[in-house]
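Same chain, two partners: subunit A is paired with subunit B first, then with subunit C.
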Partner chain A sequence: MQMELDKVHMKVAVLLKQVPDLAEELEVDESGKALDTEYIKFRLNEYDEHALEEAVCLKEAGQATEIVAFALDGEEVDKALFSAMAKGADKAVKLTGPEVEGSRQAAALFAETLGMDYDLIMTGVQSVDDRDGMMGPMLSSMLKVPCVSVVTRVEGKESSVTVHKEYFGGLMAAFDVQLPAVLGIQAARQTPRYAPVSKVRQIQQSAIIEEKSASGVSGSATSKVTTMAPPTKTGGAKILGSVDELMELLKKKGVA
Partner chain B sequence: MLSSTEQIAFVLLVLVCGGVAFQGFRRIFVIVSQGKPSYRTDEFLSRLIKALIEVGLQKPLFKSRPIVSLFHAFIFFGFSFYLLVNFNDLLEAYVSGWTTIDSSHPVALGFNLFSDLFSILVLIGIIYFLIRRFIGKPRVFEFNRNVKLQTKVVGGGIRRDSLIVGIFIILHVGSRWLGTAFHLAERETTEWSLPTASLVAPLFFGWSGLETGIHVTWWLAMGLIVFFLPYFPRSKHIHIFLAPLNLAFTNREAKGKLLDPVDGSNPGAATLDELPWKQVFDSYACIMCTRCHEVCPAHQSGTPLSPSALEINKRYFINQHVSGLAKGSTKLDLLKDAISEDAVWSCTTCMACVEVCPVGNEPMQDILQIRRKLVFDARMPDELSDALRSLDEQGNSFGESSRKRTRWTRELNFEIKDASKESVEYLWFVGDFASFNQNCVENTRRVAEVLNEAGVDFGILMKEEKSAGNDARRVGEEGLFDALAEENIKTLENCDFQHILTTDPHTYNTLLNEYPSKGGVYSVKHYSTLLLELILSGRIKIIKPLKIKGTYHDPCYLGRYNGIFDAPREVMQHCGVELLEMPRNRINSFCCGAGGGQVWLKEHEEMKQRPSENRIEEALLLNVEYFTVACPKDMTMYSDAVKTSGNEEKMVVRDLIDYVFEAMDLPEDSRKSIE
Partner chain C sequence: MGNVLVITEHMKGEFQDISFEMLGQARKLSTGGSCSALVYGSMKDRSSELGAADRVLCVGGSDDFNPETYASAALQIIQSEFPDLVLVGSTSMGIDLAPVLGVSLDLPIISYCSCIEISGDNFEFTSQLYSGKMDVKSTAPKAVAMVLAGSFSAEDGKSGGSASVENVTADFGVGRVQFKELIEPEAAEVDITQSDILVAVGRGIGGKDDIEVAQELAKNLNADLACSRPVVDAGWLPKSCQVGKSGLKVNPKVYIALGISGAPEHLEGMKDVSTIIAINTDKNAPIFDVAHYGMTGDLFDICEELEDSLS
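Right after this comes the complex of A and B.
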């Protein structure tokens, strides 16, 4: 039994993406089709952070041997990759190449770079800036491997993983997935850990981020944004100070 | 004089007991020196002299518990004099004919008088302490039930130790005193210079056992002290030697400056030997008086933190594993053996424990070291990591975009200078709370309006300002503190200003005390100081004195940390606010509960009463209407506390700036309306 456990050799790729920080006041640019990204901060996509956390948990549980973090090139991506290493990724790779538009192209880039070198590919179930949730499934179809999305827990075995998937209404299912496979992570088993700045800084000095360029030709049509606009403000709620005020308002509205 | 057999027996006793005691002291030295550097031995002689003077005057004791301290002083002065008495008694035992009793030499008479009176004072003192501990059983000795304690502490180890030493002192001093009475009885005389011994001496006139009695009392006095030597290194009563030394090792740097990690790649402490050695030494100096947890806002509010328990646990663990620790084969795991993780996260870093400790202990420093380690290993409550992430990503702990930092200025009807572009006299470092917190922004605007009205040349860093990092450092995120400090210093390098101004004591503390070692040396002023200067120079004109009564709450990081007590009080008085002091004021101020990152953390589930609510209760007893603060975090803590404690009708929380604003009679309705 001990022998078998020792044989577990699972190489995990975690796919990361920088997205606009939702703390920012988001504005649409002049084209009316995209976010104005000039003045806003970027941060790691929240779901990708969970994917990374679950991968690190797998490694800590002795069910994964190596974690490589991949990220699309973008704003402050180096910081995100160094943080990933501070949290427990063994290597970090930055994908340079064409600017990525849409999840299909991202999937193509990743498919080209990752190939069949990894036993498990984990990424966020969706990213906060497109909400497609399609990158994982598309990547799996390009690589012709299975895919499960909305995953909340992963347990590694020798040549497969058991994953928990969340359905609407809180229904849970457990899947046994043959490796290699792609997983879209909804939430890690625990809150994603914090990367202490001093650790990130140490890694920054000692580790390097590998760069890989890929053409990322997806070869088929993709969707395009036609317009983008913030929601229009409609009314709002008001806290009334007294019963009198309420009565007056009701009278004015003709209710009382 | 002793018989020659007795003389040889005494020498043998000294050799054996002294040898065993020496081994104990040697181990203390070994265990303490395993600690990390502390930088507390520079100018050692001056440190020691200062400490001895303080001990001689019993100054550190009278910081609290005055009655207990008085009885302690009885014992202290008595025992100090007893060094001379013991020396005299040795001479008496070994030098034929040596005695002070028959002498009429003034030195001998003085010696007799003091030894007689001090014996009584020591006995009174020790009996008081025994009665207090065993009959009075004061609640301050009790630990909250959720506090981690070593099993032997739970088993009553401290009480036993106290009893043993109490009995020892009674026997040692009592026997000596009785022996003197026997000497008098032997001579069938009384002496005015031995007033109390002379009272009992006549009872023994003509008693046949006097000769034996004199020998027995000598052995009970002198033999006992030697016999007890090996016990000292194991007992809390080692404090008589190590407390003065610990006071000599006191921190001579600014109180608000934390030590940089010795090794940045492995910061903080998980085990005893990873603490700075001063923190190891603390546990030996500790007399377990629990004064620290009496003033601790965390312990008082029912959380599992007792700074006292931390020191006691360290000491008890050391006692039980002394040889293993000295050899390095045993480690004291701080979180397993000394303090629980949730206790570590309950500390507000108010420093009351450090300030009150009569033996110079610094339990707060242990906690900060443990936090550094925990944060480096990413072990922390989720809400804390959220705040730290936000500080890292946006430079503020509110999870807000850095661009919203200046939002509070939009309602002002004048433009504030951009200090990153224009030269200013005062660069106002606004700080996170004053910039973002809804309870604070109105006061922040008032500060701007008052400064503007007084014609002060000031500006702010706009969205370039980042949290100064005081609290990030206090939760143990050393790397983040470095990063924030570096970024702020870089920004400030390109600005032209004479002073930094801030309303936030936490920001004030780190800018003043910690930025210099990171390369940023500035003249930093708290707004209370500037307001007072402006009032005194007539640039702020008090038109309408307020004629109200208020009390003032000293913020920890302004008062205890940085010694600013008077400026805010004087500003209040100039504005016509009659000041009534709460019992816990100035250096003894009671923390609001927000410091050290608590403001980001959830309350401990076993918290019984928030420190801020406890403070409001204290203020209510004064029958004042206004509770005055001079710290943005206090504004939000106490505004909440008056509401949650149901005292909104009775107490109004006001910032210092409110008084100035109103006494200047500035218009309330000059704001732009912003939708």
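Right after this comes the complex of A and C.
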């Protein structure tokens, strides 16, 4: 029964977001201000994968009792949520409602839905498209709870977590953070696990994704987008046509 | 155009370069207004380095960064100073501050800024989105902008006269976040900041087993192995090999980038290298913009052929 006594009763929400797969070629739509999303593939924000992994690690270490994965409705979101359950989330919730533009509105929607129901909210530190701010710290500010971002390690206690925040060059700082709190996760303690297709399929047949509708997004302050375009090429690289040319260059530079 | 406030960053008693980079740009953007720098803790004693500012606002507090206390203090200073533009680093510390300030003050937050100009009554920002694959321009009359390191000249922020140094008082929050300690990086087997030649691998390398191909190439070229962030996150190479924003800044004679797309975070650590050779399958990868030489094609075919030529 020792295990039971040591167990930390912590309810964790993990926020997941689909982002364009950058392996695909990105194109600007007719407005000239946004991505053309018609043909691009979406994938889970890689930092969110780390947030989920760290949450599952916490639960496995007996430092979290329940993990609920949340995502806004959108491209291939069901797949991401089923996969999150296959990896260890106890429940999955999809937020339906008004179309959300940008991470700030998304944060507002999550703030409304999550309220103070969770001890810990974990999400990826950033995403490739969060033009108007990072979700974690914005959400914490809306909920008026503390937040630490760029986190690489979480240890759960009864009413707080100890986290490692990464600076640069491998330098980190440790913080104690009182719960409830939000964490922006940079990297989990281990490589995010892979959910086998068979397991995802099994979950798909047995589990359901709960749907919650969020009422609205207030008109928060935002800048006005005027253009989106691939960066102007600044001369760039001299393209080598063959490995022989590459060899020649390496010799010239004294490398080979 | 108006008043610009820079939230400075420091570590171990030194201002970070980003502080000077932001200050230099703030100076240019504050024509007709005032350019101020907010400094924390004992960095007040180093205020003379911030002569490019009109005013240095010293808020006191601990020298150790704390997301809660630093944001709380900055918030109050902004509320009493009403700057039109607040510049915060697009850094580990900045990520804890800018979004909180923007939401609390109901100001737009502009992430990943590589350029800020004045456009009529507005500021015009360029944000590098999708890992540097798209530049998005946006405008706002007031904002909190997160500035990417290396976007502006640090020299501009180091020059200039002398600022008036003022003590300002602020509340440092309710203590829900406690700083415990700094954790130094583990000693590295190889110090890649000292390497002459680096072979750096990115996500395009595929998997841990494929790292061996790069390792072999590095060995044959008398080079050290380095990598970009995803490779470390995947556990394929140790943190001490990581080049970029949260890793190390390197300056070898030759930098060979294998399967590195060139996200802004990575470029931050290597774009000043005098010879950059990039090999990538994607001909549109941003790495080709900073590289001097490039080659497109399958990494393994190229590496294999190169090995043959070398032996």
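Keep this in mind: the second predicted complex is superposed on the first by the 217 of 256 C-alpha atoms of A that agree within 3 Å, B and C clash if a C-alpha of one lies under 4 Å from a C-alpha of the other, contacts with A are read in each partner's own complex, and residues count from 1 in each chain.
One rule holds in what follows: a residue touches a chain if its C-beta (ideal position, glycine included) is under 8 Å from a C-beta of that chain, and two chains touch if they have at least 3 such contacts.
Owing to the predicted nature of the structure, the values given are computational and were not obtained by experimental measurement.
J.: Contacts for A:176 in the overlay, against subunit B (first) and subunit C (second): which applies, first, second, both or neither?
T.: second
J.: Now for A:25: first (subunit B), second (subunit C), both, or neither, which partner does it touch?
T.: both
J.: According to the stated criteria, A:87 is in contact with first (subunit B), second (subunit C), both, or neither; which is it?
T.: So A:87 only meets subunit B here.
J.: Mind working out whether A:191 is in touch with subunit B, subunit C, both or neither, as first, second, both or neither?
T.: In the superposed model, A:191 contacts both subunit B and subunit C.
J.: Once the shared chain is lined up, is A:238 touching subunit B (first), subunit C (second), both, or neither of them?
T.: second
J.: For A:39 in the superposed arrangement: first (subunit B), second (subunit C), both or neither?
T.: first
J.: Going by the contact rule set out at the top, does A:202 touch subunit B (first), subunit C (second), both, or neither?
T.: Touch status of A:202: first partner only.
J.: More residues of subunit A are touched by which partner: subunit B or subunit C?
T.: When the residues of subunit A touched by each partner are counted, C comes out ahead.
J.: Taking the stated contact definition, name every residue in subunit A that is touched by subunit B in one complex and by subunit C in the other, in rising order.
T.: 23, 25, 191
J.: Residues of subunit B touching subunit A in their complex?
T.: Its residues touching subunit A are 264-265, 267, 375-376, 378, 380, 382, 384-385, 388-390, 392-394, 399-404, 477-480, 482-483.
J.: Within the complex, which stretch of subunit C touches subunit A?
T.: Subunit C reaches subunit A through residues 11, 64-68, 91-93, 95-100, 102-104, 106-112, 124-125, 127-140, 143, 176-186, 197, 221-223, 230, 232-235, 239-240, 242, 245-249, 253-254, 261, 275-278, 282, 284, 286, 288-289, 291-296, 302, 305-306, 309-310.
J.: Could you pull out which subunit A residues touch subunit B in their complex?
T.: Per the stated touch rule, the residues are 21, 23-25, 39-41, 43, 87, 191, 193-202.
J.: In the complex, go through subunit A and note every residue touching subunit C.
T.: 20, 22-23, 25-26, 28, 33, 35, 46, 50, 104, 107, 125-126, 128-134, 136-138, 140-142, 145-150, 162, 164-178, 181, 184, 186-187, 190-191, 220-240, 243-244, 246-247, 249-250, 253-256
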